[in-house]
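Just below sit the structures, each encoded as structure tokens.
Heads up, the next two complexes both have chain A, just with different partners, chain B and then chain C.
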Partner chain A sequence: MEKLIYLDHAATTYVKPEVFEAMKPYFVEEYGNASSIYSIGRNNRKAVEEARATIARCIGASEPGEIYFTGSGTEADNWAIKGAVYAARKKGGKHIITSAIEHPAVLETCKYLKKEGYDVTFVPVNSEGLVDPADVEKAIRPDTALVSIMYANNEIGTIQPIKAIGEITWKHGVLFHCDAVQAAGSIPIDVKDLGVDLLSISSHKFYGPKGVGVLYIRKGVRLENLIHGGHQERGKRAGTENVAGIVGMAKALELAVANMDQYSKKIRRLRDKAREQILNRIPYVRVNGSMEHRLPGNLNVSFEFIEGESLLLLLDMKGIKASSGSACTSGSLDPSHVLLAIGLPHEIAHGSLRLSFGEANTEEEVDYLVNCLAEIVERLRSMSPLYEDFLKANK
Partner chain B sequence: MYSEKVMDHFMNPRNVGEIEDADGVGQVGNPKCGDIMKMYLKIEDGVIVDAKFKTFGCGAAVATSSMATELIKGKTIKEAEQITNKVVMDALDGLPPAKVHCSVLAEEAIAAALQDYRARHGLDTDGEYAGCSGCCGGCGFKHDHGVEEDGE
Partner chain C sequence: MIYFDNSATTKPYKEVVDLVAKISYEEFGNPASLHSFGMRAERILEQSRKQLAETLKADPEEIIFTSGGTESINMAIKGTAEAMKRSGKHILSTPIEHPAALESLKVLEEMGFTVEMLNVDDKGRIDPEELKRKIRKDTILVNIMMVNNETGVIQPVAEAAQIIKSVNPKTVFHVDAVQAYGKLPIDTRKLKADIISFSAHKIHGPRGVGMMYLRHGTKIRPILTGGGQEKQYRSGTVNVPGIAGFACAAVRKTSQMEEDNRTIRQVRERLIAELKSRMPDQIRINSPEDGLPGILSISFRSVKSEVILHALEQHEIYVSSGSACSSKKNSISHVIKALNIPAPWSDGTIRFSFCGENNEEEATACAQALQEILNTYALSK
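Right after this comes the complex of A and B.
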């Protein structure tokens, strides 16, 4: 069988067997509509409500009624942002504050709203990839309707000072949304402690199924609806419930929270080993983003003089699956907006590699990865005119 | 997303390297955009007897450089000038739309190296070479990219 070393857990994870087992009954046997009155429907209603309670408990919500199921993390982000500013419109709110390094689900939503006439402030990050809460406070205006800052960045894994920002938004009476899609399952989330009003998570980032997300809406916060139709999700998000997905998501989050200490220790050890070996063995490498405030499983490095897509293709031939912030992999002419925001020159951003470790990875895989990387980087540099120029200049 | 031929030329690129006493050298592209091609030509009696390249770029950039050097080796200068990006692309069984610009870069690398050859040998040059030195779309010159450009 072809070797498969999966180092792209930030993109998505497999579904854990226990999670899949928990979902199984809801496809063939328990197929009733959760809104129906007969027994197979009622059983599904019960399953959905139990899942809601589990998720509420896992993120520290006050009550299950604050949990709303969506079709994805992206939908949760869209709903939080559009729903909040549309609701604020009547009271004169027309300004949004977000950061320069958000996921496209937030950035593109904000850009869309900008076209609709809203003002958006993109607060910068420092060279470590961290937002300064003081910048958020300075950006607040009387007409600010929402602040939206991610918990952890999807490319460089940096963890933002959400609690400090939450104190600021609370003081100014501004709604605060947090995209916690990358954080959920890797670091603890307590919505009350963080002081957020809205928080998005997505099931497939923590060994749950794809196609299901959650928006936490603090009790008392009013959002305009985006999905109109039936009365599901207490009249706020229409559409027949994805019962199997919801059950799977709750099971996956429950497992993640129960095993978090062990899990984060394990992936942190693998990540640190990979980082150390890469830095020891390969010259002209830089690690992107703070190592102190960072998700345990994330590593993002740039190899000078080479381009990321070539690197990914050659890694793939060795069975290693990873991702890059190069323009060629994003489908645009510019490399990753996150790497540019932390001040990387374009040519170095093009040569970036994101490795995100997970539960099934091993120490041996890290050794193999670093061996392959050393060989591939050398090979690509040997055919790079940039490296040739660099060597000639440093003769 | 890539054809087998593209993958073959990416995995086993032909003619990688430098020619120490090259008769013409051309470099196109820009590190800012993630693609640079440098082409070296050895020319005897108007015939390209050897071609080598170095490329910083994606899989398609490497494959188009490799194929371009293969296509021009043994050709006269006049014949080499007929090697457009479409010829390179067709020889690779096509490229994904987002990668067509890599084949344009290959065409321009050949043109830049030939221009350098003419300049060095005091041959007629048809004016200033206005080849690609920036990002795709950065030169304002309408290339036959073979696809509709995104209005982004």
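Right after this comes the complex of A and C.
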């Protein structure tokens, strides 16, 4: 097999073998419909309820009843936002506050609602990629239905001051949704401590299966449904339960939380090593986003005089799988909205690389990565007329 | 164990489970990633799309993946209404649709759309003439399921499509084919529906995967917004392992459809014959003879369906009292109500649903168990 150095864990992860082992019985033997009332249906129901309890425990929910399974993180985000503002419509709520650097699942949903006539305030971030809670507070109006701020950014990994924002929304009696898709499994989550009302997570970001997500809905919070039909998920989310997927998600999150200390140390060490060596060996490089408030596995660097796409392609040929932005938008040629929001000029934003490290990466892979990067960056720059002009001007 | 509840969900084929496991571990890339590993996942995705399109004689570009039949149906109904609301607010449907459709229609009614229900006869069939009369200039959507999940009645959807298109070519026709796929031929060149909904786990594929056929030129608004996957129609990281499992199941199920249907017909006929000879006066067959062979609805006189269901469970025989989606409510299903089944029968309705892996011996064993149960539990008349 060709060399594979996977540094794109923020896009998606593999399913750990022990996670699939936990799922397998629900494919092979226990295939009853969890909503059927006979015994094999009940075994499925039991498995779903155990998974619900596990996930509740892993994110500090008060009770399993606050956990709702969805088909993805995107669905959880859509549901939280549309469900909350539609429920608030009758009470006159028509304003949403979010940040400029949210995931498209949040941003596009807010834009969709804007077209429907809702007001949306996009609070800015500073050059470190952090939201100032005071900006959120200033934006709150009597008709604010929802604040939606992500826990950790998918491109630059910055961790937002969720707890401080939670105190503000609580004080003003405004619902608070947090997209924790990138944070879950990487850093501890305690919904009660954070003071969030709604929180989204996605299984395939922490070595669980694709096609499963969770929306945490604090007890007492009313949302309108997004997917209508049967009575699954206590009448809140219709559709035959994906039992194997749900069991896999719970197992994966349980493993991630149990091993978080150990793996986050390891991943942080790899990430810091990569950062240090890149800065030492390659000139005209900048690291994007706060290093202090950041996911352990994320590194986002911009190389001046370089096209990110070319860099990705040449890295790919060396077996290194990285990303220029988030996977969702990396197909587009527009520069990342996140990098523009932290103040990067277009041309520098274009030369950016996201490296997201995972449990199985090694020191040797980091050495290999840095060697390849140094060589590729030099080669690309040697072909750049801009770089040539720059060198002449600075002689 | 005798599993006669294949309309609720099916056992995934072994090769489906193996494939899902292999891709989840080895080819787990995100098809939206630009690197070759992502492209490999994209190739698997597009190969699966092509295989599924071929089973429908459709263009792969007309296939959109979702998280299940329910999501497909929600998107078909709400997404069409949203996209078409400037052309009108009138929608036609039938009263015996799946809850995913009925509940979505209810939401639209609350939003100001007019939902009109077509009448069904005592077998649950619609009358194409009535459909013809009821289509108006402002009818934006007609929603009809191909096969009913509780009785197996087959609706004349191809004829309905022709009628709809001849009366109002702008009306969008959505067909819920969740129970029909892999059991009846579906050819999108002949069935002129604009949108068709599908689910993987009803044909031995994985749960959590669904599909929508969206005919070229049909306008629809997404219900999930975000990264713009599936050509902007359905955002969210694409579930490549699940989709590959769906394609694997669909290829096998559609290619052995006739063989499976033969087996299923034998099982069904055996069960009916055994019941008729053992308890001729105690059963009423609700399913039409020309319905889907895999679904058989029978009412038992003067016994509650829950009693039968739990007693059968003691024999390790698994059936359903209605659809799994509504079987938790202790009331008579909306489908059974719509069929006007008389009182001594309606409480004792059981759905038997078969697959190609069942056999006639199982049918005999089931009839025998039912005879014992009725002898024990049937109330005196």
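Heads up, the rule we're going with is that the second predicted complex is superposed on the first by the 386 of 395 C-alpha atoms of A that agree within 3 Å, B and C clash if a C-alpha of one lies under 4 Å from a C-alpha of the other, contacts with A are read in each partner's own complex, and residues count from 1 in each chain.
Convention: a residue touches a chain if its C-beta (ideal position, glycine included) is under 8 Å from a C-beta of that chain, and two chains touch if they have at least 3 such contacts.
The shown structure was predicted, so the numbers you read here are calculated from the model rather than taken from an experiment.
Visitor: Between chain B and chain C, pick out the one touching the greater number of residues of chain A.
Guide: The partner making contact with more of chain A's residues is C.
Visitor: First (chain B), second (chain C), both or neither: which does A:V85 touch?
Guide: So A:V85 meets neither chain B nor chain C here.
Visitor: Please indicate which partner A:H350 is in contact with in the superposed arrangement: first for chain B, second for chain C, both, or neither.
Guide: It touches chain B, and chain C stays clear.
Visitor: Given the touch rule stated above, what does A:S310 touch, chain B (first), chain C (second), both, or neither?
Guide: first
Visitor: Please indicate which partner A:I97 is in contact with in the superposed arrangement: first for chain B, second for chain C, both, or neither.
Guide: neither
Visitor: Touch test for A:T240: chain B only (first), chain C only (second), both, or neither?
Guide: Touch partner of A:T240: chain C, not chain B.
Visitor: Touch check for A:M383: first (chain B), second (chain C), both, or neither?
Guide: A:M383 contacts chain B only, not chain C.
Visitor: After superposition on the shared chain, which partner residues are touched by A:F20: those of chain B (first), chain C (second), both, or neither?
Guide: Only chain C is touched by A:F20; chain B is not.
Visitor: State whether A:A256 touches chain B only (first), chain C only (second), both chains, or neither.
Guide: A:A256: touches no partner chain.
Visitor: Let me check the overlay on chain A: which residues of chain A are in contact with chain B and also with chain C?
Guide: 309, 313, 326-328, 331
Visitor: Flag every residue of chain A that touches chain B in the complex, lowest number first.
Guide: Going through chain A, the ones touching chain B are 305-307, 309-310, 313-314, 317, 326-328, 331-333, 335, 345-347, 350, 382-388.
Visitor: List the residues on chain B that touch chain A in their complex, please.
Guide: Interface residues on the chain B side: 7, 10-11, 13, 16-18, 27, 31-38, 54-62, 98-99, 135-137, 152.
Visitor: Quick check: in the complex, which residue numbers of chain A touch chain C?
Guide: That would be residues 4, 6, 8, 11-15, 17, 20, 24, 27-28, 31-33, 35-41, 70-75, 77-78, 103-106, 108-109, 111-112, 202, 204, 209-212, 226-232, 238-245, 309, 312-313, 315-316, 321-324, 326-331 of chain A.
Visitor: Help me check something: in the complex, which residues belonging to chain C touch chain A?
Guide: 5, 8-12, 14, 16-17, 20-21, 24-26, 28-30, 32-38, 66-71, 73-74, 98-101, 103-104, 106-107, 199, 201, 206-209, 223-229, 235-242, 306, 309-310, 313, 318-321, 323-329
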